[in-house]
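Just so it is clear, A, B, C, D, E and F label the chains in written order, and each chain counts residues from 1 on its own.
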Amino acid sequence: MPFTVTVRDHMMVAHSFTGEGFGPAQRLHGATFVVDATFGADELDEDGVVVDIGRAATALSEITESITYRNLDDEPAFAGMNTTTERLCQVIADRLADRAAEGALGDSNRVTTITVTLHESHIAWASYTRSL
Amino acid sequence: MPFTVTVRDHMMVAHSFTGEGFGPAQRLHGATFVVDATFGADELDEDGVVVDIGRAATALSEITESITYRNLDDEPAFAGMNTTTERLCQVIADRLADRAAEGALGDSNRVTTITVTLHESHIAWASYTRSL
Amino acid sequence: MPFTVTVRDHMMVAHSFTGEGFGPAQRLHGATFVVDATFGADELDEDGVVVDIGRAATALSEITESITYRNLDDEPAFAGMNTTTERLCQVIADRLADRAAEGALGDSNRVTTITVTLHESHIAWASYTRSL
Amino acid sequence: MPFTVTVRDHMMVAHSFTGEGFGPAQRLHGATFVVDATFGADELDEDGVVVDIGRAATALSEITESITYRNLDDEPAFAGMNTTTERLCQVIADRLADRAAEGALGDSNRVTTITVTLHESHIAWASYTRSL
Amino acid sequence: MPFTVTVRDHMMVAHSFTGEGFGPAQRLHGATFVVDATFGADELDEDGVVVDIGRAATALSEITESITYRNLDDEPAFAGMNTTTERLCQVIADRLADRAAEGALGDSNRVTTITVTLHESHIAWASYTRSL
Amino acid sequence: MPFTVTVRDHMMVAHSFTGEGFGPAQRLHGATFVVDATFGADELDEDGVVVDIGRAATALSEITESITYRNLDDEPAFAGMNTTTERLCQVIADRLADRAAEGALGDSNRVTTITVTLHESHIAWASYTRSL
């Protein structure tokens, strides 16, 4: 995918982790996740874009809106799951892929891959990449 | 205070806010706060520093360690208080001032002001400045 | 103003400058301005904030919306004026002050100063500070 | 290409887009593009570098100099083309590849790929990758 | 490696380069390298992580501790080598791979690739990627 | 000084510190200093600027050029001085003030204050402010 376009958003959640390896992060705590969604394509469309950037930003913000300002420990969608930074990258990328399949990125969009990167602080971040 | 030195740390907390103006932030959610502590002085000491940067970083990390990975709604220190970004700036600055008074920044440190800045996301931050 | 809160937005404009000192910037060119609006206050209100951050962000975005995606050389509001980064800081700060006077930041907000910072690139930015 | 080296520059341009999907960006507006040029290689040369970083920076700045402080709508090189962020990434990567073929990166440079990333704001960027 | 996790650290070193192409960098000078270590994996483990982030940060900091606050020209480990940004990326990635082989990232970690990125300034950085 | 303009540059130096408090920084090591020079003024000139940004950038780069790619321990200008981040802020601000007095910022520039900020890493920086 020689071409990529990325849009940035964020979400602010509470959660806790299960597993001794997490140490103090087993306690209920929280995070701001700055979310970068990267859309990859082999070619640009006739307008010269990978994807309509407005549609891409809207698709991403609809997903972050459904997660932000919540305690993820209480959300059915995340039941039985550690909502680690890595896992949330995957969840958001999969939801973006679903939205793309529904046409949210435009009828003829050429997006072939999605990478989602979540920055949990100035010294740690994670990403997940999948194809469409 | 013509001279300043700043050190950066972070903390990851859950909390909720009381007051209709907060909208969805009334729900239990969370934040990563990237914390900048700025120490101001009129003159440098004989070593050419405002403050020993190692001592400054230790003083700050002791404070962030006491706050991070917690639900602030359950912490007695924050009872009856909205732990807004602004308020947490003040709390950390006051604790740094206490630590300075106890000698944590060195016996002869010349620090006259402390500013604490908390970044809650890539698009919002707050600060509080006080003198020593 | 010991307390401050800052919100970030951006705008993308075309413009040109009059004056030999500007060199190639006398030609029609453009800029992305990343805009930081900082609100200062002496005290926090009963909710523990300088200003409702949602209202602050809305007030700023209404102003950037009225400037972005335009050629400033054609805008009556900027006629006969070099729309330098410094000058645009002042224009936005003054418009924010007008909006505050109209109640856009809330009836009882305690904001006493506004600083607007415009980043024109990764290596240059400007700011303007005024009182309310 | 296990090894990469990146240099950063910027350019400030006016332009407009053709196509209803662009909404207000159909109007003449502008952008600062912070430009990252990444050079990839399988091995380092005898000096321990991918490419002479001074030569790389010069090659990039010659290209940004030829684009900056201009209205791209009036440039013959971009006639009939939407100068989207994605497209400009490709234009700059192709010009860097041409310069490399002419020896601008050194006679024996081992660069096998070029990625150009353009940041149009703090919340949107694009990239294009090609081989040499 | 669809999943990645990255941790950031830094080191501050003196060094000089051999080779006329380096110009003034042939003189003894120095650099702060902000070091990003990225760990890639095909799948998450049962805890939902690529690697225990605490272990990853510790493994990285042990390596940066062994390099920082030194003149690399005097270090036997770097004898006869230009300690360019690219080369130091490789050195750190290889040491991380050794530490992983010794179990420093956990017994069952699924890390398959390591990328190390060193930022030498706000306008230049380099990276090296290897498999485990 | 309601108006400010800032330009950014950098320099890469070796040095060591005298004084037990510096710990491992007593050894010869190095740093990249990202240098921000901020010029303050009460009013804009007839062109709408604090200072010609090209002149400001040139004045700063002439100073960083005279310091970068050197071992500060061997420079007569810094003999008997710990070249801490704070101290180097002052040195650069004073040299900028000298250059301003010589007319380097233009005959009629209105600059009344200079602040120099040096970033030594992603987690530490210092500044010095003086009037002209």
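What to note about this one:
Rule of thumb we're sticking to: a residue touches a chain if its C-beta (ideal position, glycine included) is under 8 Å from a C-beta of that chain, and two chains touch if they have at least 3 such contacts.
Quantities reported herein were computed from a predicted structural model and do not represent experimental measurements.
At the interface between chain C and chain D, two copies of one sequence, more than half of the residue numbers in use are shared by both copies. The chain pair E-F and the chain pair B-C differ in C-beta contact count, and the higher one is E-F. When you average the Cα atoms of each chain and compare centres, the chain farthest from chain A turns out to be F. At the far end from chain B, in terms of centres built from Cα atoms, lies D. Between the CA-based centres of chain D and chain F the separation comes to 31 Å, rounded to the whole angstrom. With centres taken as mean Cα positions, chain F sits 27 Å from chain C.
Those residues of chain B in touch with two or more other chains are numbered 8, 122-123.
Those residues of chain E that touch chain D in the shared complex are 17-19, 21-23, 81-87, 89-90, 122-130.
On chain C, the positions that touch chain D within their shared complex are 8, 10, 12-15, 24-25, 27-34, 68-71, 120-123. If you check the complex, the residues on chain F that touch chain C are 2-9, 44, 47-50, 52-54, 57, 106.
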